[in-house]
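Naming follows writing order (A, B, C and D), and every chain is counted from residue 1.
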Amino acid sequence: MTVEERPTDHASVANTMTGEDSPELRRLHEDFEAEHLIPLWTQLGDLMPMSPAPRARPHVWRWSTLHPLAARAGELVPVGRGGERRAIALANPGLAGHAYATPTLWAAIQYLGPRETAPEHRHSQNAFRFVVEGEGVWTVVNGDPVRMSRGDFLLTPGWHFHGHHNETDRPMAWLDGLDIPFSHHTDVGFFEFGSDRVTDYATPNYSRGERLWCHPGLRPLTGLADTVSSPIAAYRWEHTDRALTEQLLLEEEGQPATVEQGHAAVRYVNPTTGGDVMPTIRAEFHRLRPGARTATRREVGSSVFQVFDGRGLVVLDGVEHTVEKGDLFVVPSWVPWWVGAEGGTPLDLFRFSDAPVMERLGFARTHVEGLEGPEGPGGPQGNEGDER
Amino acid sequence: MTVEERPTDHASVANTMTGEDSPELRRLHEDFEAEHLIPLWTQLGDLMPMSPAPRARPHVWRWSTLHPLAARAGELVPVGRGGERRAIALANPGLAGHAYATPTLWAAIQYLGPRETAPEHRHSQNAFRFVVEGEGVWTVVNGDPVRMSRGDFLLTPGWHFHGHHNETDRPMAWLDGLDIPFSHHTDVGFFEFGSDRVTDYATPNYSRGERLWCHPGLRPLTGLADTVSSPIAAYRWEHTDRALTEQLLLEEEGQPATVEQGHAAVRYVNPTTGGDVMPTIRAEFHRLRPGARTATRREVGSSVFQVFDGRGLVVLDGVEHTVEKGDLFVVPSWVPWWVGAEGGTPLDLFRFSDAPVMERLGFARTHVEGLEGPEGPGGPQGNEGDER
Amino acid sequence: MTVEERPTDHASVANTMTGEDSPELRRLHEDFEAEHLIPLWTQLGDLMPMSPAPRARPHVWRWSTLHPLAARAGELVPVGRGGERRAIALANPGLAGHAYATPTLWAAIQYLGPRETAPEHRHSQNAFRFVVEGEGVWTVVNGDPVRMSRGDFLLTPGWHFHGHHNETDRPMAWLDGLDIPFSHHTDVGFFEFGSDRVTDYATPNYSRGERLWCHPGLRPLTGLADTVSSPIAAYRWEHTDRALTEQLLLEEEGQPATVEQGHAAVRYVNPTTGGDVMPTIRAEFHRLRPGARTATRREVGSSVFQVFDGRGLVVLDGVEHTVEKGDLFVVPSWVPWWVGAEGGTPLDLFRFSDAPVMERLGFARTHVEGLEGPEGPGGPQGNEGDER
Amino acid sequence: MTVEERPTDHASVANTMTGEDSPELRRLHEDFEAEHLIPLWTQLGDLMPMSPAPRARPHVWRWSTLHPLAARAGELVPVGRGGERRAIALANPGLAGHAYATPTLWAAIQYLGPRETAPEHRHSQNAFRFVVEGEGVWTVVNGDPVRMSRGDFLLTPGWHFHGHHNETDRPMAWLDGLDIPFSHHTDVGFFEFGSDRVTDYATPNYSRGERLWCHPGLRPLTGLADTVSSPIAAYRWEHTDRALTEQLLLEEEGQPATVEQGHAAVRYVNPTTGGDVMPTIRAEFHRLRPGARTATRREVGSSVFQVFDGRGLVVLDGVEHTVEKGDLFVVPSWVPWWVGAEGGTPLDLFRFSDAPVMERLGFARTHVEGLEGPEGPGGPQGNEGDER
């Protein structure tokens, strides 16, 4: 019996059990309230559902809508000290009024006009940028200038100073991802202003972090202490593209290299540990061959996807959406989803999620449709037995 | 310069920068709203404060108030399938309307009447019980009956079935601690009903988990796989009391055994790893000699304390409270606090917190007044440089 | 096909292949020798056997022989600075002339006369003592006096100062275990003389290390940094005995608590990690019910056992030995062995081994007779696929 | 006072203490011997020296000598099943008669004639190859053909099948490194014959392992389980060279990128963990600018170096050696050494060592001349206090 098929859930039972709303009970509840107390029996169903029941909703935002709005902001809103960034956040329709893509993740379009500088600051929140189009901006991270170009994935881990400057006469827009909702909810954030300008206006092709760290399988002897976040400032498109290309070629050669038929994927990692780039955010890049599709999955934790190239069919909780370059969509916790490549070209997808939070705290579970057993729909038992 | 002394914070600056509320800007903001977008520049100060600015407030709940209210609930509210538990949660006055002690922690008084049974269920949320007074209830965890007595700390890690039954003619009340607020916010919870009665009504003095695991420095060869949560079902008062007593004796002998002068403390740990008992909750027990006090601390993350014995002076964000047996108080993130033992007897304090979340995700910081340097007030730099 | 059944091994094949011992080949070999070179083809079979082919041999030493010899040494050989210890080491008959029980482990009887003091020193080598009989000696480890009594397991991790003194008018003898052969072969050892007398002649019942650390599931807040070796100075017989007793009682109650039918066992662990007490030495205690026996096992790595109580039948590589209190036997790598309890009483066995070395370096494999599959005799594949 | 300045060491004192060689003592020693016992007091100084006193000696082997000898073996000794490999091992002059470069490490020149095939086998011992000159051989590792070319570092972790074949009409020689001495001493090795020919004669430029794994900062989603050894089959010269070049350029730009002035260095790592490529062997590549030299170091554990390019002055235990391309030298445990680049070109050095063994087992210590303090010569205290 699946969760959904249960004739009644415990919340409604609870309401029944507390019975007729007697005067004594009403008085007790009033006394509770006066003393800052709330009884479980009025809350249980919502607080502890049979399976994750997120208020956040699956949703798609269109690049064709987002980008012009960002451009209008470019005309009207200055960037600089105080406002700090011209960033426009996805606000999940289920999280009324909050600038949250999901309960843990912030996703925003940041827009920097010609020759503009976004001043330096740092904060506990972990941040990254992903560039779906354009070039000409450098982000300066702890004093290291990092070129931003299409397809690049760029890190600003917690408490690293960072500012951006646009060296061109054209505006540039990109995706910002942060753990702001998580950090805000759990009250962990510090913030510090830095230079009003960036501290280094050099425009090298490769940052110092890359020059030290981006040699496969090699670690500098000056970098033998593990770091909680990756020391790589930029994960370049040329590497991502080549890795995916090789996986699909290996698949053609009959080798086990893809996640599922026609589906290549890489995770961005911290080379000092092999683990996620930052303690709260996982980032991956997926490529589907024309005609390929993923299995239908449910995962504990939430994700944001951005189409990098191609055309896709995305099915979120049974609802179909067609997506193309720049479009963003959100998958809340435990919502079933799959994606397929439409049209004659591959579908390239950037994804980020809060999976490291789920894994480090023992909450991770995945259900893949068609794969029954310990993760089948009848009994989510990811932490049963409690071994790792 | 401390955070508080900054002449202006970035939120107010941001408001100024977006300037006169022009019609174009108003229209842009309306268009954002229609597309489920929210600009950062209207949010920054609240979302990313200079240091943690929790909505949760320090607060004290009195056992003399709580216990009678719980007893009245014992008269009026049945316990059983559906409502599941007769638990009354601390609702932080700053978290309006939520049954949350802090943004991550649930704390409740659970009350079980004479001869009652709370039916079995399991959930992803991690839970424990701490007994400030009474005895006669057994909690049955994954089929293992566990006696509950004054001073005991009892575990129900995520996805372990558990139910309780009272073997006596007297009611019993205790503290329940869970990660419900965290789990609810991040949408990670599963729930499953079990037996309507407990599966084993035996009343042994020691659970099987204790008999296997509670031999200091010894690990059963049947338990060599590490588990994410502790396999110890009950941490007995006799051990906690003896450990604290020994620390204070060692201090008298001139040995380094206490946290600070007159302050003994132990952490409850998972013997398979030496780490916290559960992935989201830390639990500790503190004892202050008569007249001793702790340093003033600020910590990222939130805590709940319960007085187990003695009389204490607690200072939360500069406000003094006198507390005694059973009283509970909450310390939100980064709120300065200290505790001292009043009267002629030691102060015994149970504490639980979300510290494992903070540490596993790289957000932990502590500031101890009088200890300047990397953790001093002028510059919270806990994750600077990002090494661990 | 088992390893033994191979018609030829590669060594003999190699000898054949290098063919007739031609003058040119002889000259080449001479030239190799002159240049400090040795060709693989003359070495392979010995260097890289089909399965471990230890030179060390299974062997039994009798307490009834050892103890009188140690007592004679007590008469003739002084203890003191320079000689440092009156210790008589088991010299494996297969390791001609070396004072090695196995290629990695040292095992010796140490004998301390009435009122004698063995002076303080420290060394990189990890050491422990196990007491099969007697009492009255204190070992002082980094200034902490530790009582030694029958059944106790006592630690002296690498680079801890230690000396011993006998407070009684009777001699005392015990088992010393160290990683001397390993450390000697790999050239890792440092040594430093300390006080000619012990630094503290106090004779407390419990050491400070025990008073801080021997409370099950509790960790002092002054001891939150993990240590490579256990901070527990003495693992007391009362705890070991109780743990084993409980396992056998649980087995009688139908609970899964024993390694195999009638076989209770605990591992001594470092409470800061849950892992082995020292980085190179594993220590365990085993109890077999009357009539019970272990499965036949082969393990990579070597072990030393000492009978603590009862009478046993030990079968080492097919050869039967009857053993009793104090007797020691050695099991070299990959030698099949089993033990059974003879007579009407339980068999109590102390064991130590180099298993942490094998596990940390990826060489551990176990074959249990009757359990086929990945570890079956036909194909030792412990590190195939190479995942952990 | 340094170790060397101690007026007497404990061995000689011990000899004195056992005093006049009395008849009783002689009889006791005879009785010990008959019972396979050896007293510590006759052994201590050798077994437990004040600091590591390796029998292995610093030594230099010349490529100009080695290569012609290997070529002669190519004429006289067949390669094939049984002998398995035409490998000529460095035999440390201090380890009389053993084919050991150091007590833990095997280093050999392997020589494969035109069109020859070395048949497939696998063993527990971890192996690598480093190519100082030549090309045209493919090594097939678990079915994956891996090109071998100058400057490449190639892995064959324990229990991976591997064979080699030469596709050209020219012979090829390279350096083999294994943990044979360690494995042999500790009796951990298994061996299995595979195909008499290699299982795949394809000659791709890049192995499948590289195509999956050699994209900096990217991990294939099919490779999320950590492995004890690196999944990268070949670390290519082009990457090593570029990494070192960048470090020296960064140094010129005033950035902290080199180990010491003019000394660039990388470690080869397992991308799944960021740690060493195999559990027993560390491998690194060092480049010194013309005129630069390293500090004088002593390290616990032993190393083998091979000059890849340039001319160097090597000082081993105070003795100077001039080395050039292909020359190999060995540094036993705790022997002081330094290297400088001679002539007008950089010195390129490949190095491998047993450092992972030392670190995983808690024995690692380094002393750098000129850096006093915890690692100074007067008191080697690497594991004092025992924290990590």
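Assume a residue touches a chain if its C-beta (ideal position, glycine included) is under 8 Å from a C-beta of that chain, and two chains touch if they have at least 3 such contacts.
Nothing here was measured: the structure is a model prediction, and the numbers come from that model.
J.: Tell me, which chains sit next to both chain B and chain C?
T.: Chains that touch both chain B and chain C, as defined above, do not exist here.
J.: Going by the average position of its CA atoms, which chain sits the greatest distance from chain C?
T.: Relative to chain C, the chain with the farthest C-alpha centre is A.
J.: State, to the nearest whole Å, the distance from the C-alpha centre of chain A to the C-alpha centre of chain C.
T.: About 51 Å separates the centre of chain A from that of chain C.
J.: Using mean CA coordinates as chain centres, what's the gap between chain A and chain B in Å?
T.: 28
J.: What is the distance in Å between the mean C-alpha positions of chain A and chain D?
T.: Between these chains, centre-to-centre, one finds 43 Å.
J.: Note the residues in chain C that touch 2 or more other chains, in rising order.
T.: 226
J.: Once you draw an edge for every pair of touching chains, what topology comes out, line, ring, star, complete or other?
T.: It is a ring, because the chains touch in a row that closes back on itself.
J.: Chain C touches which residues of chain D in the complex?
T.: On the chain D side, the touching residues are 10, 12-14, 16-19, 22, 24-25, 28, 31-32, 35-41, 43-44, 47-54, 56, 59, 61, 65-66, 69, 72-73, 75-78, 80-93, 98-99, 103-104, 108, 123-125, 157-160, 180, 182-193, 225-229, 278-280, 300-302, 332-334, 354, 356-358, 360-363, 365, 379-384, 386-388.
J.: Please output the residues of chain C touching chain B within their complex, sorted ascending.
T.: These residues of chain C touch chain B: 208, 211-222, 224, 226, 230, 232, 235, 239-240, 242-243, 246-247, 249-250, 255-259, 265-274, 277, 284.
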